[in-house]
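Each of the two complexes below includes subunit A, the first together with subunit B, the second together with subunit C.
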Partner chain A sequence: MGSSIVQAIIDGVLTGGVYALMAAGLTLIFGVMDIINVAQGIFVILGAYLSYSLSVHAGIDPFLGLLITIPALFVVGIGVEWGFMRRLKEGDRTAMSILVTYAVSIVIEGVLNISFTVNYVQIHAWYVNRSVHLLGFYLPYIYVFGFVLAAVLLIALYALLYRTRFGASVRASLQDRTAARLVGIDVRRVSTISFGIGVAVTAAGGMVFGATNAFNASTSYDLISRLLAIVILGGLGSMGGALVAAVFMLVLEDVVAVAWSPIWATAVFFAALVVVLSIRPAGLFGRQVARAQ
Partner chain B sequence: MHGGISRRKLTAAGLGSLITAGALAGGLVASSAGAADHAAPKAATPITIGVSLSLSGDFSADGQAFQRGYQLWAKDVNRAGGLLGRPVKLDIVSDASSPTQVVTNYQKLISVNHVNLLFGPFSTLLTVPASKIAYRFGYALVEGAGGAPAVFANGLHNVFDVSLPVVDNLVQFAKWIASMPASQRPKTAAYPTSNDPFTEPQIAPAQRILQKAGVKTVYSKVFPAEVTDYTPIADAVAASHAQVVVLGSVDVPTVSSFIQAFAQQHYNPKAFIATGGPDQGAAFVKAVGASNTNGVMVPNGWYPGYANASSRKMVSEYVKQYGGTASGINSDVAEAYSVGQVVAQAVTATKSLDNAKLIAYMHGNHTFSSVQGPVKFDKLGENGAAAAFAFQWQKGKFVQVLPAHDSNSVKIQYPKANWGS
Partner chain C sequence: MSARRESGVAASPDAPAVPLGGSGRRRAAIGAAWIAFGAALIVFPVVFSNPTVTTIGVFTLVYMTSATAWNGFAGFSGYVPLGHAVFFGVGGYTLALVALHLNMAGGYAMFALVPLGGIAAAVIAVPFGLIALRTRRHTFVVITIAVFFIVQLLAFNLGFTQGSSGVQIPTPLWTAATFNDRFYYAALIVLALAVLVVWGIRRSRFGLQLLAIRDDEDRARGLGVKVQRVKLVGFVLSGVTVGMAGGIYAFFVGQIYPQFAFDPLFDVTVALMAFFGGLGTISGPLLGALLLEPIQQYLTLQYSVGSLYLIIYGALFLVVILAMPRGVIPTAGEYLQMRRARRVERADGRSPAATPSVEVAPLGRASR
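Presenting the complex of A and B:
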């Protein structure tokens, strides 16, 4: 049992990194724009399908393919923000964003169903089914690579936010959009680019998800509820929180599944979520005071 | 493959189901009508058959395979002159895999669209509410993917399942293991299963047979229909070193995740059977990779190579219409096609579209023929004449392996080949 639990913890940490990658964009978009992007699940699946297509039709390795899929989803994100999000009024932006992004997800789901059919597919590469044996445990390459990718991208996002002028603009917008405007920040431009970045990072999460799970467009419904739970636990707007929450969720569920019963794993996580939120209503790393605007 | 439902409907069942169902329904009704127009006497009023199918959502792969089966049957019937001299028209609406939407759909099909007959939806959990609506309005509900005990537990006399009752699904496999000489018989077995009305009833009988034969249970746990990550469950099964794995699965992703985790853990059981997923033909191969299918088994009542004249004809027509190969055909297609065949025979025999007469006739101890073999309903509406088989993927081909004495069965691959071979 002891080694099984250790293996479950390893699984949880590695998978948690991938979920953090998918959730990072969601929390960034909310933080900057007050938009709850329920289309994030379908953007993940879109990223998975793009990687799948490049792999199957062009023979491009899924990780290498990110050089194409990340910019592609950045453009998609920019397009969605320009086409829909910026037209939302400030006052009811958050509520309306749920409806608008849900509509966007339905449209993308329909396009994917027509383009790829509803049959499940999975991304295949030499490392998908292989693992490395380390200290008595098998570590699947795909999860290790995925975790490293998640770490690199999250660090890059962190550097972008905390080491660049653009990042300072984003953080200012995160804190107070009106004040940011008053000091000369082009909040609209920051929002557009942030939305693009938030969607772009899902390309990486989608690729790893597509290599570890069979998926079709409907799979997005499973994802979005998970991703929302992660960003709420981590604190809306906090990327570090997303990482901690994702790892916490996956480790807790995996350990409960092995030590007790898989049937209780999800329930225990949501019970933990309720407990955390009752103590810290803004989540683990969320701001305690809501924004003024 | 029959599936249950999951909690995935959290988001799908609301606005999404309405939008998607509405959008899909419009197009599909039109396309179904097009198929029906193929046909028979133009002057005759079409016989309309209402169906709710999961054309989006979790069961969309199965739902769309069912749609193809129904449409193929309608095309064949109309080509042959229709039913009672009238063309058949399918009125298909999407339930987005939601048990709530399926209720709305059948109510609308009956009360607003005034369909003459009903065909069943996909999955046990959608069939249960659908059968209650059909019962309330006095309609017969003939279906091909609602064979779990939950469907018949309500004691409704209007529901008829043309496929193999699910509790019998794994019996052939379990008996085969039990019949092995003690020296060759596996010593241990694992039974991970989804908490689904389709899977759970199958596991218990198989487990009883194997335990009685001395095969020790080393893992037996139920997991939710929706799991964030199957890896720890699959890893725990691998850690048990069970020689046989009986997986209660409803779809391809579940089987795919287990196979991937087993391969990563360098764990290769001697026998691996999954209740659903491997029967989905090309879709299964595409998801798990051809090299990982070798030796994987699945119980069912039909496969594309089934030695039955009408099955061969249907397979040939399917390949002609949709392309691909025979092995790539989802068994849902045959289940749907069988529904149409049975209803057609009942309508022809009674010369009536009166649902009360049809219900009485189908309970009348008559034997129907279908692409899945004979159909004879018992007092519950289950198909007591259904044949039980087990199939196995062998070097890219989906072949019948059980019952072993059947002339159409090929030698079972045991122990199964290593993953990736």
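Presenting the complex of A and C:
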């Protein structure tokens, strides 16, 4: 029992890293643009399908294929931002953004259902079903590789945001759009690129997700509800919060699945969210929103 | 018909220029339009007796009710809940399980269980609201989604709901020709109730308090509105109505499964319908559901194999949101008002271009 719980914690941390990456994209988009991107779930699935097609039809290794899929989803993100998001009125952006991105998401879901049918698929590679035996625990290669990939990309994202001039303008827009505009930052351009980056990370997340889970287009509903829960728990707009919340939630879910029952693991996942938010409405690391006049 | 002629008279050049809404004639015209609309709904199954059409009719009424009830809370309070499928499912399950345990035969008595579904929804809505309404804006949206998923999981895994095999509901032994009509009129009664409730809210002090919360919750509290209580009552009222709609839906479909009773699409569809027609108006959600639900049903029937309907539905939605961000009814209202204003001005000999027609939004609103 004890060692299976440790195993569950290890699994939770490893998968949590991947969720953290997907959630980081979501929270970046929210922070900069005040937009809740409900389509993030279907973008993950789109990324997974892209990697899947590349590996099945062209024989490209999923990790290598990221060199194609990440830029592809970056372009998709920019397209969606340019086509729809920037056309939203300032007043009730957040509420409208939920609807618009939801509409985008069902269009993509329809396209994916037609192109790939609704049958579940999974990405295969030599490392998907093998694991390494370490100190009495089994570490599936794909979990380890996925975690390393997520860590590398999160560090890259961190470096981009905190070590570059562009990152400084993103953070300025994150803090206050109006003030950022006043000091001469092209907030529109920053928004477009941030949206692109936020969507692009789903290519990597989707690849690992597609290798560890069988998926079809409607898996996106399950994904987006988890991602939203993670992002809100961490505090919307907080990158570190998303990271901590992702690992916390997935460890919790895996431990509950082992210690109690897999049936109730997901319920505990959402119940934890409800409990935390009843105590801290702004999330674990959320800024208390100052009251605007 | 008469409604159109009446409003034409009201818009004549000698009408006063200032009161653009609310003159006596206008109000009579709107009243006549409502009566005509109600009459059309009543005679609909008599005129179109094709069972496929009346089936779509019943679903449409159920969604009109749900969208109206959803809007009665969301449109007035500014909170956007995406978990109303909880009430829909609870209403349906209440009807199904009570009928099962009382060994009821399908018949008119089953309709008596519909209000019971509403009561059960209220019992769920109180703790749901108490938890969720502590938070605001996005956090509120996500909490309602989370509660929705918890309830769906409970329906899958608790013993008494019979899990994923679902519950069969006794089918009434009515003649096929008029089978749908009875459900249609039952759904129409619930719809009328929903519209009356929302209309009552809109005209009452309670409705004003909800609107004050939408505009500025902290200031409303400062002015003495008991915000938590007002929000909770609004939330529960809307839940009760959706619960009753769910009861009728389950009885009509004849069986109930967790994934259909607690459907994430329901949450969003109802919101889409309200936004489509116009959030915070009474006619908006009715129109939204009346247009969108038949389209969805038609596309589902037409393209049952492929997922083309998802694409068409989504694309249609994008076009409407981007072209008319405030919904069809408010946009159409503005258009009519502008036309009237122009006509009045032309009669006065002024150029229509002289009117400042663009309202500049204050910059600070974006951050709220």
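Note that in this section the second predicted complex is superposed on the first by the 289 of 293 C-alpha atoms of A that agree within 3 Å, B and C clash if a C-alpha of one lies under 4 Å from a C-alpha of the other, contacts with A are read in each partner's own complex, and residues count from 1 in each chain.
Going forward, a contact is a pair of C-beta atoms (placed from the backbone, for glycine too) under 8 Å apart; a residue touches a chain by one contact, two chains touch by 3 or more.
This one's a predicted model, so the numbers in the text were calculated from it and none came from an experiment.
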Checklist entry - Overlaying the two complexes on subunit A, which is it for subunit B and subunit C: clash or fit? => result clash
Checklist entry - Of the partners subunit B and subunit C, which touch A:225 in the superposed model: first, second, both, neither? => result both
Item to check | Touched partner set for A:266, first subunit B, second subunit C, both or neither | outcome: both
Checklist entry - Which partner does A:100 contact after superposing on A: first (subunit B), second (subunit C), both, neither? => result second
Next on the checklist: Contacts for A:75 in the overlay, against subunit B (first) and subunit C (second): which applies, first, second, both or neither?
Outcome noted: neither
Next on the checklist: Under the stated touch criterion, which partner chain does A:155 make contact with: subunit B (first), subunit C (second), both, or neither?
Outcome noted: neither
Next on the checklist: Contacts for A:114 in the overlay, against subunit B (first) and subunit C (second): which applies, first, second, both or neither?
Outcome noted: second
Checklist entry - Who does A:134 touch here: subunit B (first), subunit C (second), both, or neither? => result neither
Next on the checklist: In the overlaid three-chain picture, which partner chain does A:67 touch, first (subunit B) or second (subunit C), both, or neither?
Outcome noted: neither
Next on the checklist: Can you tell me which of the listed subunit C stretches (62-70, 206-214, 296-304 or 332-340) runs into subunit B once everything is aligned on A?
Outcome noted: 296-304
Checklist outcome for this item: subunit A residues where the subunit B and subunit C footprints coincide 99, 102-103, 106, 109-110, 113, 118, 221, 225, 263, 266
Next on the checklist: Going by the contact rule set out above, which residues of subunit A touch subunit B in the complex?
Outcome noted: 3-4, 7-8, 11-12, 15, 19, 38, 99, 102-103, 106, 109-110, 113, 117-122, 124, 128-131, 138, 140, 143, 212-216, 218-219, 221-222, 224-226, 249-250, 253-255, 257-258, 261-263, 265-266
Next on the checklist: Quick check: in the complex, which residue numbers of subunit A touch subunit C?
Outcome noted: 30, 34, 36, 84, 87-91, 93-96, 98-100, 102-107, 109-111, 113-114, 118, 176-178, 217, 221, 225, 228-229, 232, 236, 263-264, 266-267, 270-271, 273-274, 277-278, 281-283, 291-293
Checklist entry - Quick one: in the complex, what on subunit B touches subunit A? => result 8-12, 15-16, 19-20, 23, 55-58, 60-61, 63-64, 97, 192, 195, 221-224, 226-229, 231-233, 235-236, 239, 251-253, 256-257, 260-261, 263-266, 280, 282-283, 286-289, 292, 419-420
Checklist entry - For subunit C, which residues count as touching subunit A in their complex? => result 80, 82, 131, 134-139, 141-143, 145-147, 149-150, 153-154, 156-157, 218, 264, 268, 271-272, 275, 306-311, 313-315, 317-318, 321-322, 325, 361, 363-368
